[in-house]
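The next part holds the structures, each set out as structure tokens.
In the two assemblies presented below, chain A is common to both, partnered first by chain B and then by chain C.
Let's look at the complex of A and B:
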């Protein structure tokens, strides 16, 4: 592989490029969907994607699904030409931050490789979970299990002499349970995901998760609807994670260069207060056990944790090499792409809000009348975050009160993030998907329970 | 009864990588054991008491840590995995090598323990 990729970048340089890189990704994946105990689909697949990026004043980019030398060299030729033509039409040439070349091979760690597990064994696990959920109560009318696993073999080669191979596993199970009693319908959603192999399905105990989800769904049938209006609100770790992810996306230099875009709120705000002092936000693609893990980003830069926001102040954006040059910053391994067909751009991986030393009890003790929201059913993120939660509880005089059905809430990042009063000392993470075209970035958000002085909620 | 137990245990022993399965009653007496090969049987030196004591120690451990009921004990060696699960008056022990699908192993150990408790629970006491 290395020789072929090196010949491709060498050819780009011979043509006159300032820089070139080639990315190849071979993805082995399995998806299984079981609805109400019946198999809806099973899709085992192997996908090969590759791309060539050439810098000559501006970027030329071509993607292909073959890595034969002939195809690669032909693509280099075309890519160089498009860069050259494009460069004539831009006011300012694209420059990239210099980095030291790296040679490395990152192999699968101590995991149970999902490629070695027969599909019937994976299906048996899901069938058992499905059966367990449906056997909880006759009012469970629908169960929907979406399982997927993948192993990505990634290759990166640059004209500066970097050559990196990295293998990344990912396993995910998304569970939807619906209960019905008369006209009342209740839905809950569970997610298990990590950059891990099949062992995740043991340690995350999907059987137990299924049973609990089914129990919660049935319990919520008789719960009251939450009130509408502005209340002191405490959100659980998953909802904090959603807010962390949305805020994290706004710290991308890519969006900061597009102030008019939905995620461009933090444009020009470096060194300024962008949220409450209670919030310190980190993006960490290197932490074991998280839904997203990589050692090197899509530009071959070693990944490291970055504190984008410290005590409410925007300290840095996350960068690609191009944006790092523009902002005179360092690229620290946060360029991502759904696969090798897409151009890399700086996107958060695991956006984490830092915990404090307050216990949950201490967090809610001064709330006289408020709402505690748990679980994310669905959400849209951006400058305005809209989220439908799974369930809620009243908080009365610092104590958790009666359960409530899920509520919707709206967070206006430009105002409500200043309303965060405090965060607790616990931690959990919400695995999510960030969709682009028909592909997605696995991402996650995490953090502690978080308290808003006031938030607008609707029943 | 042994044949009936064997038919239930087959759900577990048929799993790739499982080398030994032992069924105990709540007193820790071996009611049934199965080993994939004679070599596995010769290597196996655990008594019913060893298995029950390990489960009980962990039960106490969880309690002292502030937890509730212990569901199972999972021990991971470099090359092997041991699982002990109790359901009612039945304790099931499985010993596997690393080729076994751990997620499925846990599901089947639980299923076998529950099925044995359901069918023979009273008789095993």
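Let's look at the complex of A and C:
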């Protein structure tokens, strides 16, 4: 592999490029979907993706699903020409921050490789969970299990002499449970995911998650609808995670360079207060047990945790080499891409809001009449975060009261993030999928329970 | 192409060696180039991307059980691994009686052009200049925040053990821009258009249309909540029809008793002004192909005639269950796969889906549709209808639209949401335009070929 990738970047440099890199990713994957105890689909796949990036005044980029030398060299020619012609039509050439070349091979850790486990065994676990969920109550009318596992082999080679290989596993189970009584239909969603192998399906206890979801769904049938209006609101770890993710995306220098874009509201805000002092926000692609883990980013830079927001103040953006040059900052390994077919750009991996030392009881003790929201069903993010939650509870005089059905709430990032009163001392993380046009990134958000002085709840 | 056929036949051979009774191989090659100029923090930037994606999808059956899998790695090792995996996950499949047998493929026009396929970067730059000039020619105050041109060649090969051996090649080209107006920078207007060949993409006219639209959108006014007579652009109609309505027309959904149209063939389900086809052979259609994604010839299928439901869409498996012929609507798509031209992929399991939905044009010019409204709205663009429930209920924000008073456009809608049920909405069509546009919905596969239509009334909620 190394030789052919080196010949491709060498060819780009011979043509006159300032910089070139090649990425290759081979992904072995299995997806299984079981609906109401019946196998809906099982899809095995092998995906080979590769791309070439050439800098000559601006970027040229080509992606392909072949790693034959002929195809790669042909792509280099085309990519170089694209960059050259494009550069003549823009006022300012693109530059990248200098970095030291790296040579490294990161192997699979001590995991159960999903490729070595027969599909029947994987299905057996899901069947068991499904059966358990459906036996909780006769009012459960639908269960939907989406399982997938993958092993990614990644290769990176640059004209500066970097050559990196890294193997990354990922296993995920998403569970939807629907209950019905007469005309009332309620739904809950559970997600288990980590950069891990088949062992996740043991330690994450999908059976327990399934039973709990089923019990919650049935409980919701008789729950009251949430009220509408502005209330003091406490959100659970997953919802905090969603807010961490949305805020984290706004700390990407890529979006900060587009002030008019939906995620561009942190443009020009370095060193300024962008949210409540209760919020310290980190992006960490390196901690064991997190849903997204990598040692090197898509530009071959070693990944490290970065505190973007400290006590409400925007300390730094996360960068690619191009944005790092513009802001005279250091790239710290946060450039990502869904696979080798796409251009890298700075995107958060695990966006985490730091916990405090306050217990959950202390967090809610001064709430006279408020709402406690739990569970993310779905959300759109940006300047305005709109989220549908799974369920809620009333908070009355500092105590958790009657359960409520799911609510939608709206967070206006420019105002409501300043309204965060306090965060608790607990922690959990929610694996999510970030969808942007035809691109799809595994991401996660996490943190403690979080309290808003006031938030808009819709019916 | 010969080497693609030899790879496909090699897969059939490996499948036989691995013990498959039936096998089908689908190979897609997509060659796409995209040039974008974008103003970022006040400076013009360029991005040039090209991609060559090919992949192989395999359906194989053993002992009556059918499996599916795919690979974009064409090495012998990867292909054998995929076939073994496919056979290991094969399932009992109701309606599967072997793969499609050979038939004469459909004749299609205007779907391929050498010049579009081989467009050079220099020529592409000329076309972008021409498009930008036609925008600036309308008004000097218009700001071009983004302009892009993309083109694509897709070739497909299907080979199966029943003797099918077909191939096809198609081209696509599209232009896009995001506009604003000096002094009104908060209003941005994205505009896109795609066609099959360079000559059918009228850049000067498209530039003028986009420019005139953005100028009219700057006079934002609040509206009151209420029922309005409303004109829907083809794009808005595409979003409304794109999910729950289309889903209900698919035989697999009907057979699973998930379609609200089940058992309604012969009944009036829409206004008598509405006649609707699915037409995989439409000249220059974005989803026009000679054969569907399992090799069945495409066709024009009448779905609604003067408001009366006439039938459903079928692939070979669902057709066997109902003992009818396939309508050539086997489509390799599933959410969230999306593409600016042709949202189908080797990585998606075949299912029943639309190709080009075609609404038969009426006789009214757009001026007449507007002129006959005393107080109403003209919706240009709404949020994607992809989130709609199978019931057809919608609650979608308006992205851009005009206010009509006494037969004239007098301003643009500031912020509003439309509410209703798509099956009810279609009963309220009171006029169908004579114009035709080819548009694609934001999150689903398939295109809509449609005129503007007018609704008697639509509930519009003001956000002010």
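One rule holds in what follows: the second predicted complex is superposed on the first by the 455 of 459 C-alpha atoms of A that agree within 3 Å, B and C clash if a C-alpha of one lies under 4 Å from a C-alpha of the other, contacts with A are read in each partner's own complex, and residues count from 1 in each chain.
Following the convention adopted for this analysis, a contact is a pair of C-beta atoms (placed from the backbone, for glycine too) under 8 Å apart; a residue touches a chain by one contact, two chains touch by 3 or more.
Just so we're clear, the structure is a prediction, and the values are computed from it rather than from any experiment.
S.K.: Should A:14 be classified as contacting the first partner (chain B), the second (chain C), both, or neither?
M.R.: A:14 sits against neither chain B nor chain C.
S.K.: Could you tell me if A:117 is touching chain B, chain C, both of them or neither one (first, second, both, neither)?
M.R.: first
S.K.: Return first, second, both or neither, reflecting whether A:402 touches chain B, chain C, both chains, or no partner chain.
M.R.: In the superposed model, A:402 contacts neither chain B nor chain C.
S.K.: Quick one: name whichever of chain B and chain C touches more residues of chain A.
M.R.: Ranking chain B and chain C by residues of chain A touched puts C first.
S.K.: By the touch definition at the top of the document, which applies to A:103: first (chain B), second (chain C), both, or neither?
M.R.: Once the two structures are laid over each other on A, A:103 reaches no partner at all.
S.K.: For A:201, is the partner it touches chain B (first), chain C (second), both, or none of the two (neither)?
M.R.: A:201: touches chain B, not chain C.
S.K.: Does the superposition put A:58 against chain B (first), chain C (second), both, or neither?
M.R.: second
S.K.: I'd like to check the shared interface: which positions of chain A are touched by both chain B and chain C across the two complexes?
M.R.: none
S.K.: Quick one: which bits of chain A touch chain C in the complex? Just the residue numbers, please.
M.R.: Result: residues 26, 30, 39, 41-49, 58-66, 71, 75, 78-79, 81-83, 85-87, 89-92, 94, 118-119, 257-260, 267, 341, 343, 435, 437-438, 440 of chain A touch chain C.
S.K.: Applying the document's contact rule, which stretches of chain C touch chain A when the two form their complex?
M.R.: 35, 37, 40-41, 43-55, 67-74, 78, 81-82, 85-86, 88-89, 91, 121-122, 125, 145, 185, 188, 336-339, 347, 349
S.K.: For chain B, which residues are in contact with chain A within the complex?
M.R.: 74, 101-107, 110-111
S.K.: Under the touch definition given earlier, write down the residues of chain A that touch chain B in their complex.
M.R.: Those in contact with chain B are residues 112, 117, 121, 124-125, 128, 198-202, 205-207.
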